[in-house]
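Below are two complexes that have chain A in common, paired first with chain B and then with chain C.
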Partner chain A sequence: MAIRAVSHDERSAFGLLAGLVAVLMAVTAFPILYSLWISLFAVNLRRPLRMPFVGLDNYIAVLSSPAFWESAGRTALFSAMAVAAVLVIATLVAVLLDQEFPGRRVLSACLLIPWAIPSVANGLMWKWIYDANYGALNGLLLQLGFINSAMIWLGDANRTLPLIANAFIWKEVPLAAILLLVTLKSIPSDLYAAAAVDGAPAFRRFVAITLPALRPGFLLVALYEAMMAIRHFDLFFLLTEGGPGGASDVVAWRIYVETFRNLSFGTGAAMSYILALATLLMSYALIRSMAEKL
Partner chain B sequence: MARIRFQSVTKRYANGATAVAGLDLDIADQEFLVLLGPSGCGKSTTLNMIAGLEEISEGVLLFDDQIVNNVPAHKRDVAMVFQSYALYPHMTVFENIAFGLRMRRVGEADLRMRVMQAADKLEITHLLERRPSQLSGGQRQRVALGRAMVREPAVFLMDEPLSNLDASLRISMRAQIRHLHTQMRSTFVYVTHDQAEALTLADRIVVMKDGTIQQIGTPDEIYESPTNVFVASFLGSPTINLLEGALERENGAACFKRGTLTIPLPALQGGARNIVLGLRPEDVGTPGDGPQLHGVVDTAMPSGADQFLGVLVDDAMLFLRVGKDVRVRAGEAISFGLNPERLHVFDRETGRSLRGAA
Partner chain C sequence: MIVPRPIGPRVVRAAILAAASVLLLAYVLAPVAWLLSSSLQTEREIVSIPPHWIPDHPTAQNFRAIFATGLGLAQPSPNGADPASGGFIPSVAGNLLPAMGNSFIVATAVVILNLLIGVPAAYAIAKIRFRGRGVALYAILATRVIPDIALVVPFFLVVRKLGLLDNLASLIITYLAITVPFSVFVLASFFEQMPDDLDRAARVDGCSRLQVLLRVFLPLARPALVAISLFAFLASWNEFLLALMFTQTAASQTLPIIVAGITSDFTVSFSFLNAAGVLAVLPPVALAVIFERYIVSGLTAGAVKG
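Right after this comes the complex of A and B.
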């Protein structure tokens, strides 16, 4: 087999790309592979020089810990709540923005604000809103007479996950609504006219035409939001630090505690890999079902 | 069964544009009415107002003796075939056809029977389990017809249903639609910009332009006695020849004058004025007793059954249809006989026909 000479253009292309590739390797590929590597060792920063190889022991330890499975259950609950609510609210917002009314453009632009706010700013904002002493939520509910005394919102173990999910949903709805709106805009208006002439009132037209047409959009949004929710860390860190009493101790938070508070890098890395693998499997299943239905 | 009446109906859009202005139209029960005109003439808007898809800005629309201005589309007994077919993409052909029946809560057994009957008539029984995306244009068209048919509506509306089909299919579908009309005994309103389609299908044609009616009549009336230049030139292929000239009177008899050309126009009333003379390509014969036309052949275009000649008469180019047996070559002189009865005469200022009836 003859070896083709590398042309001048190709050589300069390699040269130009090499820098970028090197940076990507350093900041992306290296940490990924390095964390896989250390997940196979018993790494503890309190004894940094002693780092015995333990094989899959870290993984076994994580998977056989009841506390980990409790966290996994909370992650699943949080994700299910968040994704379902994002889907419903984003659909309503998209349908609203699909109508013609004065001020639609301004409203569409305003809608994007929560999405544009940095994650930490969003977290701090909700921390203030939920604050027991001077929070806006207590203020509003007290003034409207729904509650008689200020509540310690994030101190209630039963309310913690829904409240954090609420902050997550607030930030995620805009993007989901825009994605669904794009799908809505692509539905030919003739279909609605045909269904109207066929005798379908507005609600039946929505069920018969809008919902099925939105299905690809739903699957896309569900996939993206599920990935975001499963791995979500910022709000748990900012609002509750896993509390009260472990009520918001999700896997992402547990990874942080294990790694940076317990300084046990080996088990932390193993947990990260388990979470990544679980996300990957879920995405794969969703994409498979998407491909079948499209 | 429904008689449809428009009484001074106007449709104005939010941006101020007027799509239809002061429309008066009476469509008889079980009539096949064709709305014909160029794009933007208001024909589709008129159809959509019957369907209830467009609001009426002014005037009254009646089905039989009921005012339906504010009856929403889904409560009118109307079926419609769209130019885009508008088949529901995620439903099977069967469900597409059945949709209107389901909306009207027709029982499952009856529904199944009616869908099968319609599918049988349209020869699409083997397609019932497919999705619209798996069908050809002609098949989609049939499904769209089937969806409207099963409803057995009082009013059957069609918005350019054949314009996305290829030429041969279009011709055979015309016959099917005509056949459908005789079977269904509903009122048909059909929108098209294709004059040949209108002439083939219609009981009556309504020619529209700029939101107003130009002429209403049977295909023969519209073709033979157009009331103005627009109607005359919109129907017929190739289009009618129009010659600008003057109406003059010689010894009391009217005649058309243009340069060296003089054509007597007996039985035409009125004084001298500028006129437009219309001559259909097929309205020429062999030179005889009557008036004659002399010219020079510019081009000869055989077209199967007959041939078209481009003939230079005076300084005007006329397109004429003659038999194949007329053997001429470019540059040769040629003469034709004219039947003055078949000449169309229009006022040049108003465009209106100067013939008696109109």
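Right after this comes the complex of A and C.
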């Protein structure tokens, strides 16, 4: 069927798809191409009339800047911490919700609360919890006797990234747990029954049956959460603004500063492109490495 | 000799499940409970050490101040005590209700556009054979790999050129990029599960494609429609980055923008800050808890396919 007339069905399909295609062209394809174009110019809103073509100079400038690589390292560290913790906690939550017990429905309804909370409110909430003077974290740890004097949590460069990651993890665990629960439900129950007959203890059953069966779920969650963590901006803006002393200056924050504070749109666009490509490469590598083990 | 009865494995299991449930509930609810508790305290109480986990004298004055100034019944009064003790009302207090209105308008418009665009497209992808159908769904989903922050620069330049800065339309249009791909994905997965015979029978009866969609598929797709409406609403209600770029005045600022401004405003009392947080959290959390079943099945539909 080398040459085929457009069938009646195809015509109606294209009609039904027209709205979607128009929207995706306008708000996705066009901006992606436009930002590629911008990234080849020295665009600076402070000098709007001069917009010289600079080729790949923006990319070279970004990639040869040590500060950019330090930010990239922070993004990688933040993402690794976040994804690992989300996977572990969400697995435990999913295993719990996979059991039958009274109150399970209430529990899974409450689980959606962090997922639904706006990231700005999440940031406000954790900033207040971490507050050095009146925050709940200091209050709780002092009352329990774990610390003797109030700590400056977010102001400590060594603690900033893990603490921001903690706020991120809290919000991301519910979705990850729901996705893992779907995979858990697909495990045939006779597998467990057979293992129980063989006398395998619960922990052995978990390692031998549950964990391997969860692999596709792990891949999906790791992929999604890594994408979310790499691009995450809101909590960095709300909690620390890249501080203290650049300790939370991740790539997403750097793009924001470069674009909207330094008004260097060309550099900002080049950096966004590098981030997008890195995300793509990361997704590809993750799929390849985890698909091999499936 | 009395032998102690061995604790049965069922009791152990129940104990472990109960302990794990309490732990999870505490993990999920404690931060939110602290936010709520703080919003109901006076400034004098909120700075007590150790913190009062449950307020001694709960007060709704913060919320009263937000509603009174938002409805124009009271003026902000930047002098005096904190709003929870009466008197002082920060000047941003009056912006919270209008911002909530803006958030509501944007989210509702995005939901309607998602349905208008997503339903026909998902039906076509699920039930009509056309060239490129196999990759269409994945191509649509792949657009979400691009970080939002990479779209910000081109969006900003276009929005500025169109004169739509500080206009709700800029948010409504750009939020489609965030929401439509997922809506189409969830709906198409749902439509695909419906038998093709349903489609064929109606077509034999002389229905056009559009009629089949409207009369046969839509009524059956209610749960999926509820789910994607909720996703689009929550995503729009919660979105921060694009709103931060495109809005400049209270005329178009959405709730997250006003709340973020309060977070970094050192003149606002801690208890008022938390009240603003509660205000932003309440609508999405209520929707999520009420429609939990639809949300979970919608997310699940997306996951099983992907």
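Criterion: the second predicted complex is superposed on the first by the 264 of 294 C-alpha atoms of A that agree within 3 Å, B and C clash if a C-alpha of one lies under 4 Å from a C-alpha of the other, contacts with A are read in each partner's own complex, and residues count from 1 in each chain.
Note that a contact is a pair of C-beta atoms (placed from the backbone, for glycine too) under 8 Å apart; a residue touches a chain by one contact, two chains touch by 3 or more.
Being a predicted model, the structure only gives us computed values, none of them experimental.
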item	value
Three-chain arrangement built on chain A, chain B and chain C clash or fit	fit
Chain B versus chain C as contact partner of A:Pro212, first or second or both or neither	first
Superposition-derived comparison: chain B or chain C, residues of chain A touched	C
Partner chain(s) touched by A:Arg261 [first = chain B, second = chain C, both, neither]	neither
Chain B versus chain C as contact partner of A:Pro201, first or second or both or neither	first
Contacts of A:Leu191 with chain B and chain C, given as first, second, both or neither	first
Contacts of A:Arg288 with chain B and chain C, given as first, second, both or neither	neither
Chain B versus chain C as contact partner of A:Leu107, first or second or both or neither	second
Distance in angstrom between the closest Cα atoms of chain C and chain B, superposition on A	8
Sites on chain B touched by chain A in the complex	48, 51-53, 72-76, 78-80, 82, 84, 86-90, 99-100, 103-104, 147, 151, 157
Residues of chain A touching chain B in the complex	188, 190-191, 193-201, 204, 208-209, 212-213, 215
Chain C contact footprint on chain A (complex, rising order)	9-10, 12-17, 19-20, 23-24, 26-28, 30-32, 34-35, 38, 92-93, 96, 99, 101, 103, 107-121, 123-129, 131, 133-134, 136, 139, 142-143, 170, 174-175, 178-179, 182, 220, 227, 230-231, 233-234, 237-238, 252, 255-256, 259-260, 265, 268-269, 272-273, 275-276, 279-280, 283
In the complex, chain C residues that touch chain A	14, 17-18, 20-21, 24-25, 27-29, 31-32, 34-35, 38, 46-47, 49-51, 116-118, 120-121, 123-125, 128-131, 133, 136, 140, 143, 145-158, 173-174, 176-177, 180-181, 184, 208-210, 213, 234, 237-238, 240-241, 244-245, 255-256, 259-260, 262-264, 270, 273-274, 276-277, 280-281, 284-285, 287-289, 292, 295-296, 299-300, 303-304, 306
